[in-house]
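The structure that follows is given in the form of structure tokens.
For reference, chains read A, B, C and D in written order, and residue numbers begin at 1 within each chain.
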Amino acid sequence: MQELINKAKELLANGTVVRVLGWRAGDLSYNPEPAFFETEEDLQKFVYDGFCGANLSKYMIEASKLDGKTLVFLKPCDTYSFNQLIKEHRVDREKAYIVGVGCRGKLDIDKIKEQGIKGIESVEGTELDGPDTLTIKTLYGDKTCSYASAMLGRCHVCKGKEHMIADEIIGESKDTKDAERFDAVKAVEAMSPEERFNFFQKELRKCIRCNACRNVCPACSCRKCVFDSNKFDSAQKANVDSFEEKMFHVIRAFHVAGRCTDCGECSRVCPQGIQLHLFNRKFIKDINEYYGEFQAGADIEARGPLTNYTFDDVEPSIVKERG
Amino acid sequence: MSIGANEEFRPKIVAFCCNWCSYAGADLAGSSRLAYPADVKIIRVPCSCRVNPMFILRAFERGADGVILCGCHPGDCHYSTGNFYARRRMTMLFSMLDYIGVENGRTRVEWVSAAEGAKFSATMNDFVAKVTSLGKNVRLGDLRCKN
Amino acid sequence: MYKIAKENLSALFQKIAGDKELYLPVKNGGQTNYAAWDETVEVDIDTLKTVKSAKDAFFPQFETLYNVKREGKKLDLQQEALKDKDFVIFGMKACDIQGVKVLDNVFLSEPVDTYYAARRAHGIIVAMACHEPEESCFCKVFGLDAADPSAADVATWMVDGELYWKALTEKGEALTASVKDLLTDADEAKVEAEKAQIRAIVEKLPYSNLSLEGWGGDATDVKFKSPVWETLYKGCLACGTCTFVCPTCQCYDIKDYTTKDGIQRYRCWDSCMYSDFTLMAGGNNRTSQLQRYRQRFMHKLVYYPANNNGMYACVGCGRCVEKCPSSLNIVKVIKAFENEGGSKA
Amino acid sequence: MQQRIGVFVCHCGSNIAATVDVKKVVEMLALEPGVVHAEDYQYMCSEVGQAKIAEAIKEKQLTGVVVCSCSPRMHETTFRKCAERAGLNPYMVEIANIREQVSWIHKDMEEATQKAVILGRAAIAKVSLNTPLKAGESRVTKRALVIGGGIAGIQTALDIADAGYEVDIVEKTPSIGGRMSQLDKTFPTLDCSACILTPKMVEASANEKITLYTYSEVEKVSGFVGDFTVDIRKKARSVDMSKCTGCGVCQEKCPNKKAPSEFNRGLNTRSAIYTPFAQAIPNVPVIDREHCTKFLTGKCGVCSKVCQAGAIDYEQQDEIITEKYGAIVVATGFDIIKLDNYGEYAYDQSPDVITSLELERIMNAAGPTKGHLERMSDHKAPKNMVFIQCVGSRCSDGRGKSYCSKICCMYTAKHAMLIRDKYPDVNVTVFYIDVRTPGKNFDEFYRRAVEDYHVNYIKGQVGKVTPEADGSLTVHGVDLIDNKQIKMKADMVVLAAAIEPNPDIRKIATMLTASIDTNNFLTEAHAKLRPVESPTAGIFLSGVTQGPKDIPETVSQAGAAAVKAIGLLAKDKLLTNPCTAQADIMACNGCSTCANVCPYGAISYEDKEVRGPGIREVRRVAVVNSALCQGCGACTVACPSGAMDLQGFSNRQIIAEVDAICR
């Protein structure tokens, strides 16, 4: 972490950048927030640990409009999002100095709480080069849990430790993948239509339509979202079960299909713990199967699968044939 | 226009037809007097690529029991490539609807040329029969749009 | 005071639900929220905080106001019926009850919101003390006692597998009478011990000593003009999570849904974090996220107390602390002003 | 503003009114929000009907018009023009198709009426959201392209050139002339095909307005009516056209004469350097690189040595010529079908079973037998000849074509007559399903064959042709009139093989975005009323590319296509379709997704200052060139924010239709 702070200080001092986009330490041990730093003094509160899961790419849309360069710290998975945003002309590469930061998987406080750990006073061992076990001090006594058991779901299907774009890289990344990316989707596919319907009804009934999934999503970077505009007569902020359960998340997933990098932020931020990645990953799986392997954000030049075609593409009836 | 318990179920079907091939195919079906059920209502669009998945979801939300999209045969698009994009979009959408548990017989894409009046009619007959066999669309409809 | 064994609670719920609607914390898909009780639901009274507050019971996220039906060129307006049946909401914590008090000041002062008033009149609140307060809690800061939810119709405590039950109001007495055969008499000793234990934990909570000095109805100018906001809002994604989990947020929008034969006019929660919140025909008077962000906290900590005899529109439930996608929250705001706000007059 | 909509329900005589309760439709639609006027009339498209619409527009100050009538493909333009004359923007008119989609396909009156009402409601819902649109203008390039250099293409080009416009012919083979140049005589006058075709070919070649690109193919087409851009591939001839004198010495001296002659349908061979036939235009040979020894082995070079003009150029490369055109005429003609599916006729087994086109070459003085009728197997004169009709035509079992090839009855009568005239001792038998000879002097022609020349016509089909050991053929057939099996000996059997569109048409149609039918014939804009136009604006159809026809029909259609093309070229500007895409710059992300799917390159990006409530910034936003946009709408769906919308088919309009239908 100190290395990151030193780099930030150096780049601020030599005028390469005028601000730094990183994470600021929170008031609890697990709630750092995305933040901009403009001075050496500000950087005293800079933090980079296991709870810095937030993908900072999207903040670069606003930062690109500001004068001068911004130093941004991106984890390997964040760089896919950044690339995709470059491709869509939403961020300015010239306005960013990218430091790729190492990652050994990011932590989810809810994963710790799910283990019955309450009244958390502090979590220790979260730093990049920390131990495999977390020590948690609570109002109800000290607890421990393994780092891996507290990781965000997305880290278990990590896309890899390579940064897709960076000016320099600081810190080692670790392979955290210990599950197959599409297993969860396959499990749903294996259900009967009736079961699938009930499963998603139950899952989506939880939605409170807070738009956190949309607003955190780097692909959902529209200046005016269709759900906020009158262009489709789709402006609804009501939490009316039928719409959320059946339409909102399908439309959202479709709008980011072929552009979603599977960064997993939607699932991370959902206050109701809806497994939103099941939608995005389904599209990614279909795209891979029907149109060839495609990873959004891996290659800026590659044509997006839904803005592309071949004469011999599968027909929509494949859905039926596949059963 | 409500459906009583004892009445025979008649589905609501929305058919999006591209102006150049399928709408003309429907016209040919008409001038050739090739009947298909009145449950099918056609919306004319310039090209199958004009059909936004949001339109299809909207139809289901508003109580449609089946939605079919007809366009020119691949390679014959009046705008050269429109139906290629439509094909990918619909494949994705239909797959997603299937995934969330909506009966996949409620959605269909069919390529119908201006000369295929008979195919248009046959397609609609077949689709209506399929949707009728599935019954009312209860999984996607908005409660507020109930009859 | 009465008590009932935990394993007999479902009989209690069945009994209450016999002639009233019953809402209580229910686990669905791993998340606990208030929902109507029936035999099939998974009741979860062990989780301290539901994701959403109990606000929906009185001020639902979505409610129909009226329907307009069209026949030919004639329009027929059909008023939505007001709540006319008693219901019980079981398991509310002290903070959530205080949240309802905040709403009362808004909806029950003239002009009275009849939809809300009807629900308040028919609602019977069965509160529960907070068995194990958590680090995000700070109700003490607002003078609430997590150990003794006294503003309810019935207060309950869960101690050693038994629910202790104490009626506090007439409504509470009546409810108690209706379920009396399931309850047994109990003394208060165990409850007093539980209260002491809860209070001891509350003292140790990291936010319990948060200072509200400098906030309140007189602070408008100082706080509004502070440059602190410029750093605070930067991480905000402009989603509505904080507003929708908050027990006191009361802003709503009224919209029309076009049905088959007319429209349904409904109201739904709105969020001041949304970019179109104050959008009007003539434009928007809040054009930046900074302004929107500032508004939310100024309202809770300055404007609301200014209009409601110093009562804050925050109850310290800590839901925003837990749920904000960017880990921003009202505590961070209050703390940010600790060194800055008061002195920078 | 509250809309004031007028609804006009057409009876279409009894076409609609017999199945749809028109009065009921009027009554129901009058109740729709915004509708201030509703009436019905016998024929809305008639002058009186249109006058009713115009009157209502004026008197009731209508802001929108819905006509419930036939297909909009039929009369949308009529009613739009009517509205325009009455002072209403023509794009404030919507059509509910209650004829093709209702009355003609439904029998139950109640059901049909109900559907008509729903379609009317959808049109009302849509028109309520219509906005006045204004057509833009685009320029017209005063040059036409004719694809195909047969009689159809030649005639079209001559007529266009006659009107004073530049016209280019692209012909795939080394010479213009096409199928007609292979024919010996033509019905019903029996004059020599070459005698009437050659002057036309020469005329085309000599006309200074006409440019010939022979041995060339269309490679790429972009643009739209009035402004097409076409890449033409001029294949390497290996002969310099500017130097060649057409002396023919190279062909004479070419040591490799083993290439099958395409012109003679493979009945004999030609040299590797060749002109397809003596009267070829241009009279410049090409080297068939697949058969040329020089190209195959690197050795030879005889032609180069003997060429006095030094025209041989082995290094010559294909050349791409890019040219702009205002109109394109397709005249790609036909070929006969492959007979693989008709093994029973022994075409592959016996050289004495031939197609009619092969017979043309055999009968032709310049053909493989110098015009002597002889068997290809032993060069003996035949005594008995059998003609089999409808080989692959009018086929219902899926082996051949469902349509009638139209020309076979007449050319078979011609062949039979010519043979009986020149070789009276040859017995000629024709097996037919029906003899179809409508056309001026056609039936008389056929009667002569039967009555004057005693050609033996048998109504019936041939089941099998068996080659015998003695070199003869046995024909097994049925006589349907006498209801008996027939078995007869023949020395030659001639098959009237079905014709089919040139196989290249699929590729060409795709390039032109012109639609083709299931038989690969190009589709007309209207089967009856616009038979020489493709539904794709600026594309015209000439000859068999549209459907089977004989020479006189082909020539007259070629002229008609020319007139349509001339009508287009005569205009300086064209009104463009105003139903184009538009980007709302307030909502545009500038993400380029729309441009990625635009087939016309109509979308570009500009940095524009955007002003709105609390917004004043320079943004990268999409800009649509409405002259290039053809209004397909691909961009509108690709756009994630809905910033891109299509005028005339907007998101909200289509949703309104959906809602009305699902109501």
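The definition used in the following text is that a residue touches a chain if its C-beta (ideal position, glycine included) is under 8 Å from a C-beta of that chain, and two chains touch if they have at least 3 such contacts.
What you see is a predicted model, and the numbers here were worked out from it, not measured in a lab.
Chemist: Any chains in contact with both chain A and chain D?
Modeler: The common neighbours are B, C.
Chemist: Between A-C and C-D, flag the pair that has more C-beta pairs in contact.
Modeler: A-C
Chemist: At what distance in angstrom does the C-alpha mean of chain D lie from that of chain B?
Modeler: 29
Chemist: Could you grab the centroid distance between chain C and chain D? Build each centroid from C-alpha atoms only and quote it in angstrom.
Modeler: 71
Chemist: Hey, how far is the Cα centre of chain B from the one of chain C, in Å?
Modeler: Here chain B and chain C have centroids separated by 46 Å.
Chemist: Quick check on chain A: which residues sit in contact with 2+ other chains?
Modeler: Those would be 226, 232, 240, 306-308.
Chemist: Would you mind listing the residues of chain B that make contact with two or more other chains?
Modeler: Where chain B meets two or more other chains at a single residue, that happens at 52-54, 58, 62-63, 75, 81, 85, 89, 144-145.
Chemist: In chain D, which residues are in touch with two or more of the other chains?
Modeler: 597, 638, 651, 655, 659, 662-663
Chemist: Any idea which chain D residues touch chain C in the complex?
Modeler: Residues 31, 33, 612-615, 659, 662-663.
Chemist: Help me check something: in the complex, which residues belonging to chain B touch chain A?
Modeler: These residues of chain B touch chain A: 52-54, 57-58, 60-61, 74-75, 81, 84-85, 87-105, 107-109, 139-144.
Chemist: Which of the residues in chain C end up touching chain D in this complex?
Modeler: Per the touch definition, chain C meets chain D at residues 70, 72-73, 258, 260-261, 279, 283-284, 287-288.
Chemist: Which residues of chain B touch chain D in the complex?
Modeler: Per the touch definition, chain B meets chain D at residues 1, 12, 14, 19-21, 23-24, 26-27, 29-31, 33-36, 38, 41-47, 49-55, 58-59, 62-64, 72, 75-82, 85, 89, 113-116, 121, 145.
Chemist: Sort out for me which residues of chain A touch chain D in the complex.
Modeler: The contact residues of chain A facing chain D are 65, 88-90, 221-226, 229-233, 255-256, 259, 303-304, 306-308.
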